[in-house]
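Every chain is named by a letter (A, B, C and D) in the order it is written, and numbering of its residues begins at 1.
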Amino acid sequence: MTTYDPDRPLGVALIGYEFMGRAHSQAWRTVTPAFDGPAIARRVLVGRDARKVQDAARRLDWEEYATDWHEVITRDDVDIVDICTPGFLHAEIAIAALDAGKHVLCEKPLANDTAQAEQMVEAARRAEDRGQIAALGFNYRRVPALALARGLVEDGRLGTVYQARADYLQDWLADPDSPMSWRLRAETAGTGALGDIGSHAIDQIQFLTGQRTTAVRGRLATIVPERPGDDGREAVTVDDAAWATLELDGGALASVEASRMATGAKNELSIALYGSKGALRFDLESPNELWFLDATVPVSEQGFSRILVTEPEHPYLQAWWPQGHVIGWEHTFSHQIHDLLSAISGAGPAFRPDFAEGLALQRVLDAVVASDAADGVTVHLDR
Amino acid sequence: MTTYDPDRPLGVALIGYEFMGRAHSQAWRTVTPAFDGPAIARRVLVGRDARKVQDAARRLDWEEYATDWHEVITRDDVDIVDICTPGFLHAEIAIAALDAGKHVLCEKPLANDTAQAEQMVEAARRAEDRGQIAALGFNYRRVPALALARGLVEDGRLGTVYQARADYLQDWLADPDSPMSWRLRAETAGTGALGDIGSHAIDQIQFLTGQRTTAVRGRLATIVPERPGDDGREAVTVDDAAWATLELDGGALASVEASRMATGAKNELSIALYGSKGALRFDLESPNELWFLDATVPVSEQGFSRILVTEPEHPYLQAWWPQGHVIGWEHTFSHQIHDLLSAISGAGPAFRPDFAEGLALQRVLDAVVASDAADGVTVHLDR
Amino acid sequence: MTTYDPDRPLGVALIGYEFMGRAHSQAWRTVTPAFDGPAIARRVLVGRDARKVQDAARRLDWEEYATDWHEVITRDDVDIVDICTPGFLHAEIAIAALDAGKHVLCEKPLANDTAQAEQMVEAARRAEDRGQIAALGFNYRRVPALALARGLVEDGRLGTVYQARADYLQDWLADPDSPMSWRLRAETAGTGALGDIGSHAIDQIQFLTGQRTTAVRGRLATIVPERPGDDGREAVTVDDAAWATLELDGGALASVEASRMATGAKNELSIALYGSKGALRFDLESPNELWFLDATVPVSEQGFSRILVTEPEHPYLQAWWPQGHVIGWEHTFSHQIHDLLSAISGAGPAFRPDFAEGLALQRVLDAVVASDAADGVTVHLDR
Amino acid sequence: MTTYDPDRPLGVALIGYEFMGRAHSQAWRTVTPAFDGPAIARRVLVGRDARKVQDAARRLDWEEYATDWHEVITRDDVDIVDICTPGFLHAEIAIAALDAGKHVLCEKPLANDTAQAEQMVEAARRAEDRGQIAALGFNYRRVPALALARGLVEDGRLGTVYQARADYLQDWLADPDSPMSWRLRAETAGTGALGDIGSHAIDQIQFLTGQRTTAVRGRLATIVPERPGDDGREAVTVDDAAWATLELDGGALASVEASRMATGAKNELSIALYGSKGALRFDLESPNELWFLDATVPVSEQGFSRILVTEPEHPYLQAWWPQGHVIGWEHTFSHQIHDLLSAISGAGPAFRPDFAEGLALQRVLDAVVASDAADGVTVHLDR
């Protein structure tokens, strides 16, 4: 297996070059000058279509390209395998890479089904015993404002968290003639808005509160049931909107909404936490801002404060620009890689979420689906 | 029964002088110079405690006070009975006043239970056949921004409404040591956050979309289960937070949240509607603003427009001040009375909501409770 | 002269029934139930046109109407004369009313020229020696959020105020074909945007900082120099936009902008104060909000807090509704009258601004004009 | 001189590795995968301190480092010289590099004094005749929202622009004990807030309106006149706040404010334009948003629209992420380089601003200083 040697750059293989591959590439390129940490080498970009991956490797600044991930994951000069493929391929690649002794960073979702996810957790456990990292990418945990929010909750600034809410709203399906795609078919995508963006909402609820879901009520809807396919109208077999309420093991209650039909909402993950001593609000469309209300100050001065999260005192910000100079969405991935590298080099804490946490989240998503299938009845999660 | 005579002022009796009585009094005093319409006489304020109601009548500028509503509703110089008592008294007073030939304006909720509400609807039907008005007070329909919103939906500016959301959040119970009161006991209050403020949220969903609820899934919670009472800790027997999803008969789906535990939210009724051609957003803490997105303009110019609803072209605003000079919460009641007087004088359309609409809303609230009692399962509403 | 007798209502005469007369009428009607204080009687509304003032008196709920203010100001049953006429009439009426022993509330501006203003101050001094009040109406000092702001500055929460800014932006002249009126002619209006709205901006700077202007640089502009009049295009002889910088006697510097050409700004008086320990921001289009930044909290938590100024702890709010239920623009006048009545009854402090303060402000406005006339050079104000 | 050869990467030398050098480095690294365009080679980073520049070159990913810029600008493998030194060195380096046949990108300000700036314009003219580019870096012209704003003005969507405003507010000197530095001494920095950030404000006014300044009134202030130096309190010899009004050759009037004392403002360049047909607003702390009011729609629907400038239809955005995924401040530099490369390769229009435009801006800044020195009197600019 791979052993960290500070005198040798960590070699990276990235599998997948579409949206997520492009975002991860940008992060692998920008993490190093921004943060201190291990040297890295962007060894190889992997994809099935030789011509396309060659072009992508050139554009995205990788040393080489390859079409067969099996060969890549055993290369001696590769230490980290970063998996940005569609979800149904995650299990096979991740397990193989872990078994080959590599560190793995796997984009969310962990897998499209729970059986695969369980196998991945098994492989991760074995690998972790050998000192490898099996990291799951939930990049929004690395939005500085949300990392700051988590810190405020941990420091008790909200007191007892009573209630939380996370909505993830997009509108790319608001046009009823928006065409069919693999994302709208159950067999390729698993679920729709729920798994794709609702998963971030639920992860944030659990991340920010530090609490786990114990029971769920859910509702899924396919508001536009047919869309134009290659051969005429085709049935949409995943949800385009989803709702859930969650009971959390620390006593808080949460509600979640996810939609791809929310006209005018572009990438709006809006979050609110309400506690006995304070409250927090956030919106991903203004990701450099955290709104914090301190309920312990005199009532005549209470209000949500717009904290512009660009100070060197704020999480991750020491790497970037002077105060007031905002950073973009892409750096959630830079921060994720920074945390991964810190975990590998031993300079930082263990990487979270790990695969086990991803499996737990998958079970919450499954519970939402099961509740909806049972006409809304509560589904309890085993601990 | 009462017949409208333009040469004679309409006499008003107001029953109740607490918060709602005070707000209605302000509206009865300010409606006339602001709007053209029938002359009115603020004849009598009614309450049980002679000393208190006398003082209130003086302060709130009523001609007389009385302690027995039975006598008042038969007075010849009273044409309109405005009921601002606690909900459990609504049915008896409203039915008696209607049977006595008076117009009635009854504050929400129509009644604390459905049986009473049905009797009220019966009485209203008889009265309406005689030309009387039986009006139910859901004052937020008269927020100019929400009246404008309804107009935009009616004019098709949102296209097909896919999805709606209404949250009504307050924080007056966020302190866990906030004391017990009649509002926190099921026997006096019926429900908690659901009926008190969730009812406004659901009413807005139905009002703005013009659609009726056909099925409901609900969840109620009592996050702080005990509070300080006169004799030590006492059990809170109503919800302090509630959630629901609604299916509407026009095909839209809606979600609703109500809470008295939302630290930092003072009176936040936030509403969003998403349709195929546009979207709307509103927040009662900034009640003079409506946010409208027109999805038919070129995408590069699309965005939610902050309409400052203070132009003479806007609903109700011709009565008030020049553009940019905002109005306050209290004038939702002035507008409600203006619409009532217009209905009475025949100058305006029939008053909405009527008692039947109030009963329908009560059944939706009942369905939320029933769903929660059945562990979240869908409850269908008969049509 | 008038002596306050708690057993006898204070009789009020209001002169003028246009916009300001209508706003003051509303305030005289609503101040009493809201606030404790002396009983008042709305004796008489005065205007030149008998038919119009009769109609206005009926609509605005005054006991009587009159067409000759000379007679009204000597009536025994009139204790307070409220002057809402155009500015060029202020001096004659106010001086006569004060000399007749009445309390006077005079709308801003004190007068159209400084000579008149000086005579008014003389009359006020004589009257004040007799125990009368000569009050000048700068209603925005009674916006609760701005009263709260003043309190924060007084309490040292901003530390040393370095810098302030006040913009008053409207757009009712943004249409270049908007017609001529008396407000656009120097002989009737004195100045344009500067005196009408810039005066509020400058008053707020001085009110909030508690500092006086010692030197001024100004610029006036008439961006649209001709507008349609009754007989074709007519020259606009007042400014439609104005700018100034002010030196204040406490060391702060301020800048001011006023415009009637600011397309999309409806009634936007936006204010900012920056100090060594904190900062404040406000916008009159959202008048129930004050934004306060406390620079003494840890930098990672600093941000402007949106204080919703609707708590009973906030200035004037104990008179109104529960938290979160906003009030409208009109109640700046209710509060002004409440403060006037408190001053008359001795229950509250002396009323501010008095006429002398109005004259001082007039001199600042004159200095802006003089600076502009001298191509921008600094004009110093004698102390 | 340098001739563009598509088969050969353009070699870049960057002089300076502090804040601006770091920002430019990031942009040189990220421009290529994001945008199509010429290949580039990050040849050499230049600085005076060998150890520091070596370390910086490694961190910022440059092939080599050097300590003598004279040698670098004549290297055959260097085609572009990017100057990020303090302003007083700009002239010497830029003129030498242009004379050596290189394209030059020079950070703002063009120079610390006008004489130097004029020599630079001369050198640029000679170089441009030879086909070289002399580009001046005003990166905020490449904020997508501001590029969109410029497009709306050019398309006539604002009609006649009446009035504009740009404030650039920071607070890094709000602490009176913030120490002395070269930026606070006239001999090294020229001016203070005016040249550093006021220059951006004035550039935006001219860029967005497409109009040039013809006359200026200015005021400078040093609110905190002494700060802690190495040997005790030392006099601050530049402004920490500045104000100006500008007359523009298209008839618009503008006002500008710059401050380093605006407590709570971190990097707030707020801009407003008001025209006969519409209006625009922007704030650099929320750089992905443009607020546009279309005054030609019915007044009841008018309002400032928050356009989230993240659509592929928006300027520069096709290079980045899907809609709603915001970009950061750093990419203003990526866009600047993209435009520079497009100009060099001939794929895009001439680069703006050029040195002549920088000189014109310098003259406006000089006029502000001259006006203040002359007690505020108008200073006219020769055309």
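Definition applied: a contact is a pair of C-beta atoms (placed from the backbone, for glycine too) under 8 Å apart; a residue touches a chain by one contact, two chains touch by 3 or more.
Everything numeric in this text was worked out from a predicted model, so none of it was measured.
Listed by label, the chains touching chain A and chain B alike are C, D. Of all chains, A has its CA centroid at the greatest distance from the CA centroid of chain C.
In this assembly, the C-alpha centroid of chain B lies 54 Å from the C-alpha centroid of chain D. In terms of their C-alpha centroids, the spacing between chain B and chain C amounts to 36 Å.
Each of residues 265, 293, 302-304, 308 in chain D touches at least two other chains.
On the side of chain A, the complex with chain D involves touching residues 19, 22-23, 25-26, 29-30, 32-33, 59-61, 170, 172, 265-268, 284-288, 308, 310, 320-331. Across the complex, chain A is touched by residues 158, 160, 162-163, 165, 171, 174-176, 217, 219, 221, 223-224, 241, 243, 245, 251, 253, 255, 257, 259, 261-265, 272, 274-279, 293, 295, 302-304, 371, 374-378 of chain B. Within the complex, the chain C residues that touch chain A are 148, 291-294, 298-308, 311, 313-314.
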